[in-house]
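Heads up, the next two complexes both have chain A, just with different partners, chain B and then chain C.
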Partner chain A sequence: MHRVAQRRIIIPFLLPALLLLGVFFLYPLVRTVDISFTEWSRTGSYTYVGIDNYTRVIDDPGYRNALKNAFLFTLVGGCMLFPVAIAIAWALHQRIHGERFFRFVVFAPVVLSVAVVALLWKFVYHPTLGLINPALEGVGLDVLARTWLGDPATALPAVAFTTVWHGIGIWVVLLSAGFERLPPDVLEAGRIDGAGEWRLFRSVMLPMMRDLFRILVVLWIVQSMQAFAFVFIMTGGGPFGSTDIVGTLMYREAFERSEFGYAAAMGVILVVIMLAVAQIVNKVMKRDELHY
Partner chain B sequence: MKTMRFLVPLVAGCLALAACGGDDSAESAAPDAANWQTTIKGGPLEVGVLSAKGTPGLAILEQLAKKLEADYAGTKVTLTFANTDARPGIEQRWRSGDPLDVDYGMFDGTNEALRVWADDGKLLDLRPYLEQNDPDTGKPWLDRFSPTVRKFMENPSDKGIYGVPSELSLHVLFYNAKLFTQHGIQPPRTWDDLLAANAKLKSAGVDPIAVTGLFEPYIGMWSDHLWLRTVGYDAARAVLTEGKGHITENPGFLKGLEMLQRLRDEGAFLKGFEGTDFTAAQAQFFQGDAGMILMGSWLVSEMADVIPADFELGVVPFPSVSGGAGDQGAVMAAAQLVSVAKESGNIPLALEWARRLTSVETQAQRAKDIGEVSAVTGVSSPPGIPGIDKVISGAEALQPRDFGIMQSAAKDVIYPEIARLVFGKQDAQQTLKRLDEGLRRVYRN
Partner chain C sequence: MSSTTDVRPAVGASGPGPARGHRRGRRGGRRRGSDRAPFRRFHLIIYLLLGAFVFSTASAFAWVFNVSMKTNAEFIGTRPWTPAEGWRWQNYADAWSSANVGSFFGNSVLVSVSATVLGVVVSAFAAYPLARIPFRGGGVVLGVFLLGLMVPWMVTFIPLYVTMQDLGLLDSRLGLALVYATYNLPFNVFVLVGFMRTLPGELEEAAAVDGAGPTRTFLRIILPLTGPGLASVSIISFLQNWNEFFYALVLIHSPEKMTLPLGLFQLGQAADYGTNWVTLFAGMIITVVPVLVVFALLQNQVTKGLTAGALKG
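For the complex of A and B:
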């Protein structure tokens, strides 16, 4: 009797969330899959073409290049993000002098719009009018000067760096919460046993935060594989496709060439790949749960 | 089982939503051409504009809107930015049956990809209205427009006219006239002149040519123009955007690439161009960092705020190529056409906007104040672009810019390969080979 009453009351509570989920997530997902089986004209009429779009995507070297770049972006960006974010979060956990100021400095870029940050860094990277090359030349390191966004070897890392610079504040906040959750008595026990701060960090803190890292890595993969705005504004996918990622390629196919079905097929394949990668990462990084 | 109870209705609902939709818009009747002006009534009118907020170009259109509002009670004109990155959103509105009453970029008779809106009946055929006498001049409205731009306005399939030009964009070679005079350099009329100008500018410590490396289609303007001269418009277009024949079959393509390679090898391009975006490259030209820039005639209006007061601008057509098998006197151009939506709720008012926008008075003001080149006869060339009148009068033909590559699937093949060549990653022969592979893949030929 009690259970039936409980069920009755659960449904109205769940309904708004389910409605939102249905309208803003499931419906677009179903619609995208539906569109991926169609071919569109520029004016909006369409015909069903079965799995043609999927076979085209698989044969498309542009898509393979975009996927490769998306993985590279995720990897390079992840390598730039996590060590620095963990270090900052750890430093802020040490109750250093001026902690609030540093927290503000780290978090400040997050509140800037993507367009503003992208244009700002586009200027910073400018080979002759920007800030980096003249600074390098000023200190006699001309040999390190590059045409950052114009060199296929540096363009993708440069955009990844900008993405990380913009969003690192959020990751620091999440990691800081992880450090805050660590039980002080365990850390204290380590100190009593003679562990230094580095040893404590490496052998106690990091293992205890493994679950959090797993979630954050999956989140980063999902976020960076879908990256679009920074690449679109800073390089448009160039030079010669070296920064082209799935998001920018899909955008061009859909909105420049009105190939909505083809772009939708690219999106569906990306979702499947992301789910698979997230699942693999989840499994690889999964360890027995630590209760503390 | 419990999960299914939630999931099944949810998915069913989503599928029902997905099945919904369709065209619920009502098409308004077009007015009788003979007396359309007597049927104009005030009402809301949404007009697409190419000028950004705060620019002198928009100010002129705002004046025009105010005048229309004053002349027809109840009129409220909304000017909607419809250029570049706004286009996808605007086109989505057209697809969903909520078009702007008057819009840009919906038609170009010379470009198959841009004729589909007319072919699918989304645009109003303006010919019947254009053929009526204009009350201001007593001659047909159509007679206002230069015969050279008619091919942009007319749809070859049904001979209808689906757009009128508010301005003409000519692709020309701008040069810093003061710098050229100082160093005794002749404006480059031929390819040899251009090479000589490069050498003199370099020896004067100035980078010869400003170009952007971050927007490949602008690098591609060089190959487009070279191929116009070494291959010819029709032959190049057939291979590049129509998939007819192969790029290796016409030696003019390789010749054009070799000429571009020579420019690169002689260090003709702006230092650091690879990482410079087009706004910066244009600004650097006006700051005297480079002697020349190949760009559309919109350059002057676009960069008006950064052009120094004492800057002396010169302009010539793209240099001719001695012995080139292509069109030596042709100039690449685009007509910026405004079209009227067939589904517009107020077609007479939309037509009146187009008529006023293309009046000699408005066009003369745009030429004088913002440096726009007009396609309307009797309008003087913009004083801000000295020499553009000679370019227009000397042009043997106006050929559509970029061969239509930008709207074709070959865009992602051609321009990145041209960029590789200009960036020094491959030579002309390798570029031709990669272009051939890419074009064969795109056109499956």
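For the complex of A and C:
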């Protein structure tokens, strides 16, 4: 009986949300593909040019450079992120003093704005006014001091490090949940068999969390291939294009040169590549279910 | 998209599930000392590792605060860790008024509060039928909402810009708030549907027997019971809207309409070519402190919520 009355509210309840979603999300989403087949003039008029944009993107050395940097960024950032995040999650699993405080500090950067964190680190890396070089000189390691963001060799890793520093809290929490789900009896059995903590970590915990790692790696790839804000604020793609990634390239094409169609094509291609890479990594890291 | 769909069950299973209430978990924060492991030697390494992390983070913030108390001449002339000569709160006043941080702050409050309220209210209404009234096409509608969690921003920002232009909402705080509210929706609906589904199914029947119509049932019975879920999505939405940079960059151009992250970015650009660094540092502190206070007070809720939101990419 009340079911009939309930049916009357379905549409009015859903309508406002669907309206917002339709106008600001679904419509733009559908329009992307349409826009990627057009050529825009600076006055805002456009003509259809077929797949021209796509063929141009494929031949564009700037795009290939951006793609290479995006892969590099993903790889370098991943190598910085996962060992540290796993170590911290493991450490927090050890029921130590001040766990709540440590969790607070590790997670705190996550709630800060990307803009603030990027600016902060841009100054930390500053060769003379920053924090790192004077500190290195202070302890006598002058040889390591360099213009971190101004040197093509160090700029990309420096930006990747900042990205990792900002987001590591989320990965630590996800990994912590993985550590907590490990069956205690298996760990106990290992301890009784005389395994040390390191042995336990390497031979029992890591293999058992393999599925979680696979998911997190895929998630990292999908996220970091789309990186934008840190690079945009800290280096703007420079020096000499050494940190130019697809996001910054697209932004410039779209808003500095009004090449909306071309930029949209770049985005579509990146997403296709990204999903393919994620799929491959997913397959490679997958293995038969293990039962303990 | 199948690669991204894999992510969801894992994230859902790994703790932040909003519906599961208080976990008996060890990270509940109310642990007694007896639950703690006895000290072992390898714990030293752990403290060293975590201590290094804490030290680097704390020193970065201490440095920003210290610089915000210096003069520009001091900033250039002294070593970074030389303490400021005095408490120059004047820098904060300068940042607030002459560097427009006050105006950015006002815009940020306006945009993020209105977007959060709109997003939460609209998604609460949408979540109710999706969670508790079985109807044909319900699964598809839910799927459309969840699609928003997976589609990369890269494929939508150009058409969004063009659409906003067509609607006359470019460079407007209203437009930005509407966009923020929309981009909060998928996560809000995802969490609230999960939350509402855990409420007992007899609630509606009992209310109907007492003669309450469905709207009244929703407003007076279901909504109050969803309180914790609403609190959770409100906090997360607010933090996200407060910190959002990219859409503000794309959609807002006039300095008097900029939000804090975008405004600070502009100040940072200006500091590259100018000489006014200390104001920027004071501005950074002004941006960061409210967020850190919110986080300190609501740590557990924020952690759970943002972790569930990690799949948003």
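FYI, the second predicted complex is superposed on the first by the 260 of 292 C-alpha atoms of A that agree within 3 Å, B and C clash if a C-alpha of one lies under 4 Å from a C-alpha of the other, contacts with A are read in each partner's own complex, and residues count from 1 in each chain.
Simple rule for what comes next: contacts are C-beta pairs under 8 Å (C-beta built on N, C-alpha and C of every residue); 3 or more make two chains touch, one makes a residue touch a chain.
Since the structure is predicted, the reported quantities are computational estimates derived from the model, not experimental observations.
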If you stack the two complexes on chain A, which partner ends up touching A:P109: first (chain B), second (chain C), both, or neither? second
Tell me which partner touches more residues of chain A in the superposed arrangement, chain B or chain C. C
Is A:Q226 in contact with chain B, with chain C, with both, or with neither (first, second, both, neither)? second
Which partner does A:F255 contact after superposing on A: first (chain B), second (chain C), both, neither? both
Which partner does A:R100 reach: the first (chain B), the second (chain C), both, or neither? second
Tell me which partner A:G150 touches in the superposition: chain B (first), chain C (second), both or neither. first
Regarding the shared-chain residue A:G241, is it in contact with chain B (first), chain C (second), both, or neither? first
Where does A:G78 make contact in the superposed view: on chain B (first), on chain C (second), on both, or on neither? neither
Could you pull out which residues of chain A sit against chain B in one structure and against chain C in the other? 14, 18, 21, 23, 26-27, 29, 31, 34, 44, 122, 129, 254-255
Residues of chain B touching chain A in the complex: 6, 10-11, 13-15, 17-18, 87-88, 91, 94-96, 113, 116-117, 120, 122, 213-216, 271-277, 280, 284, 407, 409, 411-412, 416-417, 419-420, 423, 425, 441
Enumerate the contact residues on chain A facing chain C in the complex. 1-3, 5-10, 13-14, 16-18, 20-21, 23-29, 31-32, 34-35, 44, 87-88, 91-92, 94-97, 99-100, 102-116, 119-120, 122-124, 129-131, 134-135, 169-170, 173-174, 176-178, 180-181, 197-198, 211-212, 215, 218-219, 222-223, 226, 228-229, 232-233, 246-247, 250, 254-255, 260, 263-264, 267-268, 270-271, 274-275, 278-279, 282
What part of chain A is in contact with chain B in the complex they form? 14, 18, 21-23, 26-27, 29-31, 34, 41-45, 61-62, 122, 125-129, 133, 146-152, 235-236, 238-241, 251-252, 254-258
Residue positions on chain C within touch of chain A in the complex are 1-4, 6-7, 10-11, 13-15, 25-27, 29, 35-37, 40, 42-43, 46-47, 49-50, 53-54, 57-60, 63-64, 67, 75-76, 79-81, 122-123, 125-126, 128-130, 133, 135, 141, 144-145, 148, 151-163, 165, 167, 178-179, 181-183, 185, 189, 204-205, 207-208, 213-215, 218, 239, 242-246, 249-250, 260-262, 264-265, 268, 277, 280-281, 284, 287-288, 291-292, 294-296, 299, 302-303, 306-307, 310-311, 313
